[in-house]
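The same chain A turns up in both complexes below, where it pairs with chain B and then with chain C.
So, the complex of A and B:
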């Protein structure tokens, strides 16, 4: 922070002295003391700088007690407004506000105020650095460049600033400029580098080389590589770059020599083998030549897997070479009792003929073992062979055989944890989640020290909706301090795997409780059951439970979202740190990672879950009058006397307090039950906010969700656009969901009475018929569906699933298809394309006769 | 074929292993508490695992018994010894017993005692125990039917 005054003042006022002192205290994190000084300043007359500092200090004081989590807490901002009102162009005030926004974090605002501070004449040159960092965080590379140019201008003596500028040029794709800046420093430093600086130097040289390559001048990059080779420590990169450049330049002979060098360094890296083949110009179809090459390589690197495994891919399944090579590989692995054989051979399972050869060989091998006299055989070989067979049959979807072999293996070696875990996996695939969890737990009891099994058991219990057991087990490995369990620690440690599973469990429990409640109320309603005070209390408890589960669902999902935002935020330090440490290449790859952060599957799971809940909250708001839950909530609210209300409240409060201690997520958590999420009047705005974080706008999920949001918002053109895009990327059988959405669109168009939208609506109607030629809104749904999608007897689970989903979405439920699905599941015919979660949900859903809502939107 | 057989200690974290091994090898079932007691220190519990190629496959559990009124230990009693069926005959049981003999000797105990079915007592006899004959009602007391137990005794020489 600037302690410099804009104008030199000889006579400092008392206020200014206090303010300076307060700033010092702020910097040493003594916020309360600083606040006292600032308050003295503000007691008598106005001192705008103190007002601004007060805002910042309050923010930090609130941070210690969780008050900042409260979105209604606008106190700090109100002081900034006052300060700005009195002296908007004061650079110190601007700077203080920028610091606040950076801590918040809101980088757009932070950048704005840093810039204002500079524009208003702040001479604190460090602000340029902070501005650059904020702009990079915002991915506004152009603005960042302007700032970094200033930084270098002011602080030329540090390599970090040269590297930082080069990086910023690079991010702006100004390759020449980036190179020039790096060369500029190299020339300055020529002959002046000390020993410890050489690692950084080496990295920067390689970085420059990469930039030259990216600029498109491959020849120059190759030449440069030769020049820097002696100075660079990372020989692996040098050779990898060289091989790439040689290949790009068409010098395949040279490239092949480089790849051979690389293979010598690391003969276990599969990529090198393929790249070597390519550089040797061997055609993929020329099996004889490839085999010769790999036979040679196998002799060179007898201990490495790739030269043994790759030929299994290209050799024909019915060839003798294939069988021989497979046999050698398989048997040598089994004889050494390597548990991971299946994993390495999995890639062969795309080819059914090869799968048969594997099966034959392994069964033969097992037979041979049985023939030998017992003491000549290592029993662990037998057990790993049985394990392999179980995995093999499981992969083929033959669950009963898989079970047969895993049971044999477990009888043979009941203390072998891998077997037990696989047994649990099979149970999970059969949808027996409770059994599966207990099986994993039995493995956990064999080794309580093993964190991996502990996590597995936790996860399995979460899948089985047994939250209590899950947290009990997880808490054995967390830091619990004064808490009753490890939940707070799991939040603190950002254990997303736990949080997402728990969110989804809450979500399932919420849906289950809600359905039970609706069924209960419908029964009361239709059978005219007398609504006695006891029944009223019972129903109220059920309603409260549903609300609680809904809140916790959103709360937990949101903690995942929060963690991802924190990951994003964590980049901040690296914008400055990496140029300083001289690791620009790692830094660039970190930026790429961060760019894809909000598309990561785990994050998307949170978005999916939250979006469903928010959409259902929106439904509840829109259809309030028709909702039976609402009806009874009203009855209960009006009938309860004030006295009993208070009494009940006290009772529930006590119960809640007890419960809160088990599910509290953060220290100073002001909203343990997530009520803040549930009680929103603007679910769609909340959803949009969340949704705007995802940057991959081409996934089916994204399109579906955006469609639903647009419909609610009456943005019909955009809704149509989403469907059109979805049509392009959806392949059969998932196209079966399109008719439903089209019908939904047509329906919303019909229901919309806004005269201003007439022109738009008729345009959308026209577009529908031109893009979806098979779709005619006047035809019945069944007819439309068959046009889009034909289901045949022989189709697999996934096809049936989509079909059923589509009919269900349209308010129908196809019994015949449902029966077929159950039959397929029970037979163990598991579709590879359908992931396990979906399968389990599907089974529940079908078994409940479709009464439960579809999981997917 | 050379196999790697190693011995290791009982810890609170691997208590489930001996429970598992015994539950599949022995006709008598003991409750969790019975196993837990062997973790108590200074109570004369002697428990050891045997590993076959890193896999726990066998366990022996014994106790130092001091008769009432005696100052020094009277004998070592074997509660259980069990090797998973697939791993029998490789010398693992013998290795565990050898360990127990050494442990007894360091405590200057001269006798190891046990009870077992006729068949397992054959094994004990092969290891140098003498069959002390049937003990009427020994298994009946544990709720088991079938033949009576045999007592076996090993006298240690120093």
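So, the complex of A and C:
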């Protein structure tokens, strides 16, 4: 006889029990075990929930071996499709799919399936919480509000849900409601809070105060601040808020007292000094009053920097006070051997009269030291003084004097790391990158314990394109485990400084190798050199090397991009965590920070680098027929016999394996060499994808790049629009860049033969003349050139470059300008924020007589 | 350029991470820094060099040629900048004990990491960062003491903690670090009134918040 069954299991199928068990295993991360159960379920008949779970489990199992990085791996999704086909309105299936998309991460899809699960009657109330999180991550604050209202409805007993709802009202700019919700909880909790809850309470009170202020009712905010002051711990915030409110209400006297209190707590915050001045009603031009104020403040806070330095900014260069203050500052720093004294004074170098005073004082001081008997002088003071002079002359562009002083300093102290570093800096400015790196390395060897100097040496080797030495040195401080070097650790620890420098080094190496290859092939071609099997192999190796470097350039730049995506994703856990922990103010800052992530200069630097490569890949595709590299690649491919191909392949594979261990970026990296990036037929699409992450569409960089993309895509109206917008934000409208781009637009219009675009094209031509006065698209480039371009002696590299490119377009490549560019580069006369890469691009262009297109975005 | 000490915000974290990677072998992913700043927003501080042209314009300044201008403005794509006007030269990352079952239930703080860029060392920056952080830990979170670990070979840090800040050595922890080096485990009791940062300016003049700062009379 069988045992009596309970009602619960009576109607439950074997499959359902298995499924439940598998879910439990999933939750404890035992994916493989869970998969076994699910597979048992799927053996005999269909069980749609199991199908969905199988997709999710596969995703997690793939995550452990890197398979998810492969964009062609669609396996998990195929199971979801099957499951949905069988039972689309099953809330459990919807929920599982939502969890998958959240892990992926694809928050739009996640939110969609969470909602479906709820619409299809899921009773799991926690889904509302997850839905809210996804909506906030997507910045869909209205949708998030609806979800958070439900959450509070279901779980009223937790402060986190009240705070979470208030935050969501706040994000919807509904200040009244936000305040009401926070007050609602305060009233409930009145008298019931236990000791550990007071920190959270304090933060929530300050949060509410901030909301009242943001709503515009400053008076109420100030009054509220007084009420909560006793209960709040963070008096720094209380006083900073108070001072702001007092100022906003025009009570400057009271604000000045508050700033004095703030200064007493932290006399090292520069902001406070200027805010105090303003609240005292002192005009910035009233030097007498300011001096009086700062003399007092310096007495109160003798160990702080701002009261000593700010007067150096506002005092007149020829005043005695300036000289006295500067002298005190300089000499006390020199006596204490502070190496950064020059850096902290650099801001004065905009004022030539002040520069002269500095020079005079330091030279006098050095003289005094020389007069005194050796016994009275600490020799290190002399050394730091010489060091300062060297930096001073270097800044003024007097390299030989700079060298003279640093050498003098080094005879006194040959092993002082700072001196050696500056010596290297001078070498770098002279363009001696390899020597500079070796000099820094000699300093590193003097202090092996210090990671800072280790990083300096690494960076100098990267600048000198010596990647092997760079990683060897960097690896002395990384966690290498079983890897041959620290590259994986640098990736894991998100060392963007290293990654960006290495990407740029790869880029330079790629450019160099490509140019060498083209030169080689041109030579073979023009001199009719016999293409022997040996030569063929040699050329093939060169081609492979170029491809490899191109791939690695994109791969490394993409590591930076990947880190930024990771930063963005890092927010996720905090949407739930911060309301629980009770840190709503810091949380709101996080959202704002994340909104600007993809506009950060470092991210742009990576995009810039990648766009150069993607545009050149596009050029290669468009100009395939004319490309000499393509021609020889074809010859090599058709001539090699199958056998030798295989043999070579084996050899190359072995070599590549060895190489791979040194440059592998991640555990389970399926694309060590970045081939996935290079072997694309759609470089512009890839570039667009990357580019669409930035939200600030007003930077010159953005407009330039979008212009280039639009003309490639034949989107002429949009291309024109970019130039129109660029016109409004270019600081210096006389720059050559706009007319050059206009010429480029006109050229693209002319080259385009699509009859369907005729109307659009003539419209664009008309718009050009109406927006850019005097620019007539029908005129010859010759005429345009004389009309729009005026180079002056003082012009920087950028103007020269765009002028040169325009002469090229007009068919009159201007050698004199080309020579001038090389001259400027060699003299180190570099304006704007040029980095080494941009110089390479420039040089390439000039050296190839404009034959290769270099974008320099 | 002045040196500023101020509370760290989320906007500083990438630059802090960058400084940490340049100064110490113990590194963390950004999320761990986020965890600090989003759990104990008052406990971490940064030292920055602040560009004064944010605040005022020197009237005698000439528009120097483009080449020198670039040298003055420095490169903004450098990851050590927290924003175009501020470069992070030092930081302290502080926290409260967050073990759900701590050895000691008394509320207390920890220093996760502190470092100063080499060029800015020995100017008192680390001391100031510590003092601000200790004050906040005590004021905002009621920390009764703070504890930290330091490599036995780290003379600079040892001097800072033991001599300048009067930490006491509790014990030596064998092979505490990944490379097996021993650590001193150190601790300092916190009493709010004794921690007010300006006390350590050691000035005979103290602002009473009443006297007119612009009057001629001497204090």
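Basically, the second predicted complex is superposed on the first by the 767 of 857 C-alpha atoms of A that agree within 3 Å, B and C clash if a C-alpha of one lies under 4 Å from a C-alpha of the other, contacts with A are read in each partner's own complex, and residues count from 1 in each chain.
Note that in this section a contact is a pair of C-beta atoms (placed from the backbone, for glycine too) under 8 Å apart; a residue touches a chain by one contact, two chains touch by 3 or more.
The structure presented is a predicted model; accordingly, all values stated were derived computationally and were not measured.
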First (chain B), second (chain C), both or neither touched by A:660: neither
First, second, both or neither for A:352, with chain B first and chain C second: second
Which superposed partner A:529 touches (first chain B, second chain C, both, neither): neither
Touching partner for A:449 - first (chain B), second (chain C), both, neither: both
Greater chain A contact set [chain C / chain B]: C
Partner chain in contact with A:304 - chain B first, chain C second, else both or neither: second
Chain B versus chain C as contact partner of A:635, first or second or both or neither: neither
Chain B versus chain C as contact partner of A:415, first or second or both or neither: first
Partner chain(s) touched by A:263 [first = chain B, second = chain C, both, neither]: second
Which superposed partner A:570 touches (first chain B, second chain C, both, neither): second
Footprint overlap on chain A, where chain B in one structure and chain C in the other make contact: 337, 449
Interfacial residue positions of chain C with respect to chain A in the complex: 1-7, 9-11, 14, 17-18, 21-25, 27-31, 34, 37-39, 41-42, 49-53, 55-56, 58-62, 64-72, 75-81, 84, 117-120, 122-124, 128, 132, 135-136, 139-142, 153, 178, 196-198, 200-203, 205-207, 209, 213-214, 216, 219
In the complex with chain B, residue positions of chain A that touch it: 337, 374-380, 382-383, 411-416, 442, 445-449
Chain B to chain A touching residues, read off their complex: 1, 3, 12-14, 16-17, 19-21, 24, 52-53, 55-57, 84, 86-87, 89-90
In the complex, chain A residues that touch chain C: 199, 202-203, 233-236, 256-257, 260-261, 263-271, 274, 280, 282, 284-285, 289, 292-293, 296-297, 299-306, 309-310, 313-314, 316-317, 336-340, 343-347, 349-354, 395, 397, 417-418, 449-453, 455, 477-479, 492-498, 500, 563, 566-567, 570, 574, 577-578, 581, 583, 585-587, 589-590, 593, 600-602, 604-605, 794, 796, 829-833, 835
